[in-house]
Amino acid sequence: GNGGGNTGAQVEGVVSPTAAGGGNNAAGTPAAGAGNGGGTTLAQIKQRGTLNVGVKYDAPPFGSLDPKTNEVTGFDIDVARAIAKHVLGDEKKVKLVQVSSKNRIPLLQNGQIDMFAATATITPDRLKEIDFSNTYYRAGQSLLVKKDSDIKEYKDLAGKNVCTVEGSTPEETIRRLVPKAKVTLFESYTECLSSLRNGRVDAITTDNVLLEGFRQQDPENLKLTGGLFTFEPYGLGIRKGNTELQKAVNEALKNMQDNGEYAKIHQKWLKEPLPKDFKEWYGTSAQEAAQKFEEQSKSQ
Amino acid sequence: MRWSVLVDNFDLLLQGLLITIQVSALGLLLALAIGVVVAVLRVTPNRLARLVGASYVEFVRNVPLLVLIFFIYTGLPDVGIRFSELVTGVLGLGIYTGAFVAEVLRSGIQGIPRGQLEAALASGLSYLQAMRLVILPQAIRNTIPPLGNQTINLIKNSSLVSTISLLDILGTANLISSRTFAYAPVLLGAAALYLSLTIPAAFMVNGLERRMRAAYR
Amino acid sequence: MRWSVLVDNFDLLLQGLLITIQVSALGLLLALAIGVVVAVLRVTPNRLARLVGASYVEFVRNVPLLVLIFFIYTGLPDVGIRFSELVTGVLGLGIYTGAFVAEVLRSGIQGIPRGQLEAALASGLSYLQAMRLVILPQAIRNTIPPLGNQTINLIKNSSLVSTISLLDILGTANLISSRTFAYAPVLLGAAALYLSLTIPAAFMVNGLERRMRAAYR
Amino acid sequence: MAIIDFIGVNKWFGKLHVLNDINLSIDEGEVVVVIGPSGSGKSTLIRCINRLETIDQGELIVDGQHVESPRTNIRRLRQEVGMVFQQFNLYPHKTVLENITLAPTRVKKVPRAQADKAAQQLLERVDIGAKSDVYPGKLSGGQQQRVAIARALAMEPKILLFDEPTSALDPEMIQEVLEVMKGLARTRITMVVVTHEMGFAREVADRVIFMDSGRIVEVGTPEHFFQDPKEDRTKLFLSKIL
Amino acid sequence: MAIIDFIGVNKWFGKLHVLNDINLSIDEGEVVVVIGPSGSGKSTLIRCINRLETIDQGELIVDGQHVESPRTNIRRLRQEVGMVFQQFNLYPHKTVLENITLAPTRVKKVPRAQADKAAQQLLERVDIGAKSDVYPGKLSGGQQQRVAIARALAMEPKILLFDEPTSALDPEMIQEVLEVMKGLARTRITMVVVTHEMGFAREVADRVIFMDSGRIVEVGTPEHFFQDPKEDRTKLFLSKIL
């Protein structure tokens, strides 16, 4: 196996469908060789002048493609831009690459992206594969159901169909908490949503913020239920060993807290001011966050 | 059904159509290149070359395209080779269709009388020159109809690139329908767009087939 | 590469193999049934029936299978028809492959001398009896090799059901690799499982083809 | 009493006037031989009788039923009309016995055992009883044609149509088939036979019909044709085949 | 001086001993005609000369080079050896002129204009100058074979091989091709001709070789063969073809 990624040549990302329809058919050059350890260093990123960031296209309000404008927008996108501003001096120097829960880790490991801001929970398992920034958001797993559903809490899922995506923490959590639930797995949440609408599944489970985004698409028929039954510290994924970038990102996060930028982004996308417990989790190190995540799973 | 969704998102779907055309066209070029090389390998006097060609064809023809695409997309990065989504799609379609193109060309080549090759070799042309200048031009003429069918298959198969997040016709349709919940009309619209590519191609294939048959009378 | 992942998850992959076999077998049965009906429609003296048959074939053959599957899976519920994942997969594969089977059978039927049908009709059999008892048994015998190829295509195409969360070979492979991050070995393992189904099928097809050719000498 | 009655029958293939004002009445038990040059419409004429071809104008009454009428139950009519083809058209995937029993068991719902027994008797009658379990591909042309005759007889038809039954046979096999046909003719079943075997015509035909270009040019007894044909076209044709 | 030298050459197709201890020396400028019954190995013999077939034993020296040696540059050798086939083997997708210029322009890198001019002269020489822009499919067999001869000459070979060049022609075209070949023979280019046209042999051959069952049975002048063949097999064969 190869520990790290590769010295990346220019990597193509789909910034928008428009761009994809135009001239971005240049090949992502195959890497020269495997396992050259360090990956793309901060210096290389600076020389290249763009930060390649993996974001989700199907996870409003964190990252979603607006079909009207063909632009990806969301909380994670704004965080990525803010970090680019701190690291490269210009918030426009970001190349957004669509990722899914399934492929964000390999894409990071093989250097196709420098970082991802993709609703990823910091877990001990993932920390074995990649590094994370300090915690930049705290979410909790919850349930999205139809308005007329009688599911009140996660325990009610026993014997029911619940949907989530492959390779996500909610999958593991729900299997652990409700072993009798039937878990349907897709590549992305869009299929989960269609399955909930047409009755194939009884609930979708994932982090509350994503569920809230889905609810807003169809507020007449959908509701959140079951409260937050996990502690999900979000981190920005960074390739293992890329400590320079990790350090820069963490500094950027700190700056964003200090100059109020983070609060603005929070208000813009989550429509509420910073929560009271903000100081308890914001900026806690990845190791600490992962440990807390681990402890709660043991206690439940 | 809410057909208006199709009108509202017409430009998006059109962009998807362009991506499908782009991926298909590049994939076809690659498939033809691979097909020619592999077909020549398979009819060459060299036994090893024949074995390599046959292995390629048998392996690729018997594995699902989706497995091939996922392998290029998520498996190759494991060993340090990575391509963009577009290149992944083109490679997957090209490598897969190339095996079928090779078979079509091979039977086309084997349909050319042996005397053609002998005449070319006897006049001092090298084996590759004889193939390129004498055999392949004749073989390709005979294989245009089956190659047309492979092209139609390739266009349809290009829809699999939507699974690696390329916004081709189907990818766009999935995106639109997940936003609008108008699954049936959007997918029917996508089907119509695919038909707008494949049906003309099928007509051309039929026309060519008829002309070919007439030419041999 | 971490091949051990394959060993650790052997039983899961085996379950995936069983699902692939199940979906493929049921899909094949449906495809044969549809194929027989549509082929008979296409050679019937009734003009309307021929038009219906031709429309089916031309529509289905020129639209990607993945679009068809998504339409059944997410489009039909829009109009109140909902099938389970397994049934969706079987329907998609059966409807799609049925069009190809129909074409194979049609050319098989049209290869049977016209006198066979006339003899059967003249003896008082109905058109459908003549088809069922005289024409189809002969046609099917001639079409076993091309039907074998369609079967191989169907097995490969069955991998598309992984997109609707069925845990077939590819679905299982995706699941395992998303947990273990061992993409390359798991996908190669999946490819091997598909080959374990398609290569024996291809051998059988080749053998049958050779026997058929010998029988006509 | 006429069992087959063509009244002013016309038929076209596209522009080709293939049956031109055909008037012909064939009595029950009659044996009629149809001769004429290639393309004159002989096959078309007899194929109209069991509606393998449809007529465009006129009336065609077979066994009391209007063949051209859409209300006629054509399957019932076909049970009364057996047909033997030039190319035998045996079913290659069925044994000789199965070839014969197929229609009786499927159309008339005759029980299998009874159908098998009847078929075996028919095979004895056409002198090929030992071949019942063989596939047609293993038989000579003459044997195949005799099986085809047995198959036509199995539905116990009132009328038998033959379309050049010996033309595809090697010379040494023609006689064995003609012998069977002569035997049938003596049973006074109604027979319409397209053939150029004038020896057969002379021996068993009640009437001979000469067709040319879709018309019935001349009708008469075999003796009439051999000794004293009237029309020039008939003479010309006979001079070629005799 | 020998330009083609078979020394103890043997060749097998599987178990079939198709060339059996061939010893044969052909001088520069000689015209040799090879005759013999079908399957005797005539084609194989001449196809070895430009290695369209490989030999299994012995030595074969053509224009000073060991044909059987893997070190021999076979493409260079083939430039010295033109070949004309029974089935013409013209390239159907190229015009007559392109058929002729293909090898010169691709192998010898002759500039196109020069190659075209030379080709046109060759076409005049085989009396078919007006057809240069026509596709071979439009030509008669005799015309096609004359184009094939021009094509073989275009590389300016020292040796010309003919494998039954008139066998696929209708009788009325055989002479026009033989006339061209006689004209060539008079230029004293080395020619090895498999043919049964004994008139041609008598007129231009320096030697005739009779083969049977893979062996050279008898060698001599045409006169020798016509007046006084020694071997019984030769006599038998000649009695059939003369």
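Descriptive notes on the structure:
Here the chain labels run A, B, C, D and E in written order, and each chain numbers its own residues starting at 1.
The definition used in the following text is that a contact is a pair of C-beta atoms (placed from the backbone, for glycine too) under 8 Å apart; a residue touches a chain by one contact, two chains touch by 3 or more.
The shown structure was predicted, so the numbers you read here are calculated from the model rather than taken from an experiment.
Common neighbours of chain A and chain C under the contact rule above are B. Across the structure, the highest number of inter-chain C-beta contacts is found for B-C.
When you average the Cα atoms of each chain and compare centres, the chain farthest from chain D turns out to be A. Annotation: 55 Å between the Cα-based centres of chain B and chain D.
The mean-CA centres of chain C and chain D are about 45 angstrom from one another, to the nearest whole unit. Spacing of chain A relative to chain D, judged by their CA centroids, is 83 angstrom. A separation of 61 Å divides the Cα centre of chain D from that of chain E.
Listed for chain A are residues 1, 102, 106, 109, 187, 194, 197, each touching two or more other chains.
Among all residues of chain E, none touch two or more other chains.
Under the contact definition stated at the top, the residues of chain B that touch 2 or more other chains are 74, 77-79, 163, 174, 177, 183.
The full set of touching chain pairs reads A-B, A-C, B-C, B-E, C-D. Considering their complex, residues 9, 12, 15-16, 18-19, 22, 26, 73-74, 77-87, 163, 165-167, 172, 174-179, 181, 183 of chain B touch chain A. By the touch criterion given at the top, residues 50, 52, 75-76, 78-79, 81-83, 85, 87, 89-93, 102-103, 106-108, 148, 151-152, 155 of chain E touch chain B in their complex.
Touching chain C in their complex are the following residues of chain B: 1, 58-59, 61-68, 70-71, 74-79, 152, 156-160, 162-163, 170, 173-174, 177, 182-184, 187-188, 190-191, 194-195, 198-199, 202.
The residues of chain A lying in touch with chain B in their complex are 1-2, 6, 11-14, 17-18, 20-21, 24-28, 30-31, 33-35, 57-58, 65, 67, 70, 98, 100, 102-103, 106-107, 109-112, 187, 190, 193-194, 197, 217-218. Looking at the complex, you find that chain A touches chain C at residues 1, 101-102, 105-106, 109, 129, 166-167, 184-187, 191, 194, 197-200.
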